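Following are the structures in question.
Next come two complexes, and both contain chain A; in the first it sits with chain B, in the second with chain C.
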Partner chain A sequence: MTAPVHAHGLGKRYGATWALRDCTLEIPTGSVTALVGPNGAGKTTLLQLVVGLSRPTDGSVRVFGADPVGDPAAVLQHVGFVAQEHPLYRGFTIADTLKLGLKMNPNWDDELAHARIEQLGLPIRRKVGKLSGGQQAQVALTLALAKRPDLLVLDEPVASLDPLARREFLQSLMEAVAEGGLTVILSSHILADLERVCDHIIILANGRTQLASPIDDVVATHRLLTGPRADAAAIARMHDVVSERHTERQTSLLVRANGHVYDATWELHEVDLEEIVLAYLARDRSAMADTVRSA
Partner chain B sequence: MILFHLDPRSGVPTYLQLVQQVRQAVQLGILRPGDQLPTVKDVVGALAINPNTVLKAYRELDHEGLVVARRGVGTFVADELPSPPDDLKGLRASLHRWVERARAAGLDDENIAALLAETTRAERPARVA
Partner chain C sequence: MIWVSWRRQRTETLVTAALLALLAAVLVPTGIEMASTFDRDGLAACLGAQPGQACASALSSFNSRFDSLGSFIAWLTLVPGLIGVLLAAPLVLELEHRTHRLAWTQSVSRARWLAGKLGLAIAVALAASLVFTLLVTWWRAPMVRIDGRLDQSVFDSEGTVVSGYTLFALGLAAAVGVVWRRAVASLVVGFVGYFAARIFVDTWLRQRFLSPVTTTFNLLSGGPDKLRHAWVLNEYPSDRAGHHVRIPFDLCGPPPPGGGKPDIGNCLADHGVFMHATYLPAGRFWALQGIETALFCGVALVLLAFAAWWTYSRAD
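Take a look at the complex of A and B:
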């Protein structure tokens, strides 16, 4: 079966600024992929290209083998999308909102939609604008799931939610994934959540993909090396150094160890996902500062 | 039925925490042969974790012979549990004596744990990073 998402050399330029550049990746069927990166890294741009809300400047993206802009009919029936701040018609009741979903989607599962609203204890006659942020997010997720999508795209779905609502949202989402057949991409800043719910990660920074890999592999391949102070020339000879820190006498390096062999002076330590992601994001910031300085 | 919980600060991978909790529940008799483990959907609904993590834990337990997966029905504690090593009682008694000696020598719990961890690491066969 064709991959839910396949991007090749994908790029998007707004005016003179590249929001996303040279992005090549594949999202495997049934995976839950975290999309992380600082604000302005291109996360929303990538998600909008996937759902066909935006046209690539460069390269291509295929969703279940089809072009989201050129052939929306082939793509959109398979895709559920929840945009940032989960926009809904605030003057509609939940019942009205579900009716709209029923009228607009050929594969709409009305039973599922009503069962979810009831299970969550949401007041079906209440106007959406009067619901709490967490409840609105659940209504938006219900709308997306009742389309019976094969791919669910969520842009910062939990950003505006309190911790309890966030947990409940992710519980609902994972229950939907457990039923099988659903591939999910979600962007978020909350790394602790992502580590629980996701099995793949894409790190975007500065409009470029820094890393796209199964989370287990990321954790298994990255190591922190500590040892006596090393000079820049020695470090430059080493492969895949993500970040480096020095004191007068000590150096610590975060490396993608990927089967490389290190000198016995280095002590190897395991690192958790959060450390690794932060190292990639910090690296990007220093790279950007270099660009600005040289410009 | 077992209720899983997670300690995000433990540094132990999530699937391994689930594996350890089932092992312990079986040892303590909270789970008995034939008992059903929660379905994957129940676990992810309770903990907000990825279903593959639960599947991985259940596969590991199946591999150890602690549980049996019945397709389309669920996962159950095995009827015949792998028997504990014959010498468990003896090992526990000698460890008990060792801990007493360590305390008498002035080690606190943290020192004892560190020493035990260091020794088990040192005795482990070498492996490639």
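Take a look at the complex of A and C:
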């Protein structure tokens, strides 16, 4: 089976600014991928390209082997999408919203949709505009899930929710994933939300992919090296140095190790995912600052 | 898809229906009254070339009674514009609230979604135009028998032009709206644009659609029968060949003291002064309607195609 998402050299430019540049990645079937990055990193742009809401300026993206813009009929019915701020028709009741799903999707599972709304305890005759943010997010997720998609794309689904609604939303999502057969991409700038749910991670910053890998591999290959103050050059010959920090006496390096680190001058520590992600994002910020300075 | 388009356009359609119902509430009772007055006073018999004294007073009493209503009705020509811009609202609101992202990520392609949305708006616009035209035409039937239907205020709410106006307003508001993505502002701009275009066509362009006919006639004869119900564009005193002349009041001056009513018309004719008229004959009504309908429908089509193309290719 073709990969749910395959991007090659994908780029999108708005005016003179590249929102996304030279993005090459593949989302494996059945994975739950976290798309992380600061605001303005290109997360929304990438996801909109995947669901065919925007047209690439450069490169290509294939969803189940088809072009989402050129052949929407082949792509759309396999993809469930919840956009940022989960847009819904505020004048529609929940029942109207589900009827919209029924009318606009050939694989619509009406039973599932109504069962979910009932299980969530949402009043089906209530207008969507009168629901809380968390309830609206749940309706949007229901609309996406009842399409019976093979790929679910969620753009900042929990950013606007309070902590309780956030937990309930992710709980619903995990239940849906547990039923199997679903590939998920969800973006967030808050990593803590995603760590429990996801098994793959893509770090996006400044319009470019910084890292795309299974989370287990990320944690397994990244190490914090501490030792007496030294130059990082020797280590950098063998491994990728993500960040370096020097005090008067000590140097600490976060590296992505290619195999073992044999140098006995360094003490090795394990690092958690959040620290790794922050290191990548910080690296990008300093790179960006360099660009600005040299300009 | 039809259901979704309908559900998204329900409010606008109901407002349109309410507007037409309100119009009917005014027009139906007054229309019945006008028709029965027309019959009771036997005005049908007075429509010949030379109405007698009784007829003249009956006509003038009919006119004075219903003229104010007639000029109120002239304002109804704004209604097609109102309905047109209103029906553009669902599309523009979709882009303003960014809910098109919801619609475009269901399993229906953008093209089909646009076709459903614009198709329904066009259908309701045409249906509303038809109801409006039938209502006003029925209401004004007695007045039309007296005054004809080439008068500005009559011409633009009868025949086929109303559908052109409504579609034009719809297209204009939609075209502005998909670019600007502000519903209220776009509707206001669309309506103002509609009004401006209508004034331009009413006062300048329409009379240039067809080449007019000219005639020269005896000044006070009341004009030849072919001028009845015609659209007179221009009228001036002239010589027999139609060249402009001044009226020689010194020759055919005021009546002599103690004398009877002088025959000024014949006096002027004797001195070679006639009346020259440039006009569009009453029979050109449908030709003018056809040209104006085609013009507005054509521009509307271009605007709607632009709105669809812009939405299809630019919005994300």
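The rule we apply is simple: the second predicted complex is superposed on the first by the 285 of 295 C-alpha atoms of A that agree within 3 Å, B and C clash if a C-alpha of one lies under 4 Å from a C-alpha of the other, contacts with A are read in each partner's own complex, and residues count from 1 in each chain.
Note that in this section a contact is a pair of C-beta atoms (placed from the backbone, for glycine too) under 8 Å apart; a residue touches a chain by one contact, two chains touch by 3 or more.
Since we're looking at a predicted model, the values are computed, not measured.
With both complexes brought onto chain A, simultaneous placement of chain B and chain C is permitted, the two fitting side by side without a clash.
Of the two partner chains placed around the shared chain by superposition, chain B is the only one that A:Asp199 touches, whereas chain C remains out of contact.
The partner of chain A that touches more of its residues, comparing chain B with chain C, is C. In the superposition on chain A, A:Arg21 makes contact with neither chain B nor chain C.
Contacts of A:Tyr89 after superposition on the shared chain: chain C is touched, whereas chain B is not.
Once chain A of one complex is fitted onto chain A of the other, the partner contacts of A:Arg55 are limited to chain C, with no touch recorded for chain B.
When the two complexes are overlaid on their common chain A, residue A:Asn105 makes contact with chain C while staying clear of chain B. Of the two partner chains placed by the overlay, neither chain B nor chain C lies in contact with A:Lys43.
In the superposed model, A:Gln171 makes contact with chain B only, not with chain C.
Overlay on chain A (Cα): least separation between chain B and chain C is 25 Å.
By the touch criterion stated above, chain A contacts chain C in their complex at residues 48, 51-55, 72-73, 76-77, 79-81, 83, 85, 87-92, 96, 99-101, 103-107, 143, 147. Chain contact summary for the complex, chain A toward chain B: residues 32, 167, 170-175, 177-179, 192-193, 196-199, 223, 257, 268, 272. Taken in their complex, chain B has these residues touching chain A: 6, 8, 11, 14, 40-41, 44-53, 129. Within the complex formed with chain A, the residues of chain C that make contact are 1, 3-4, 7-8, 11, 97-99, 101-110, 313, 316.
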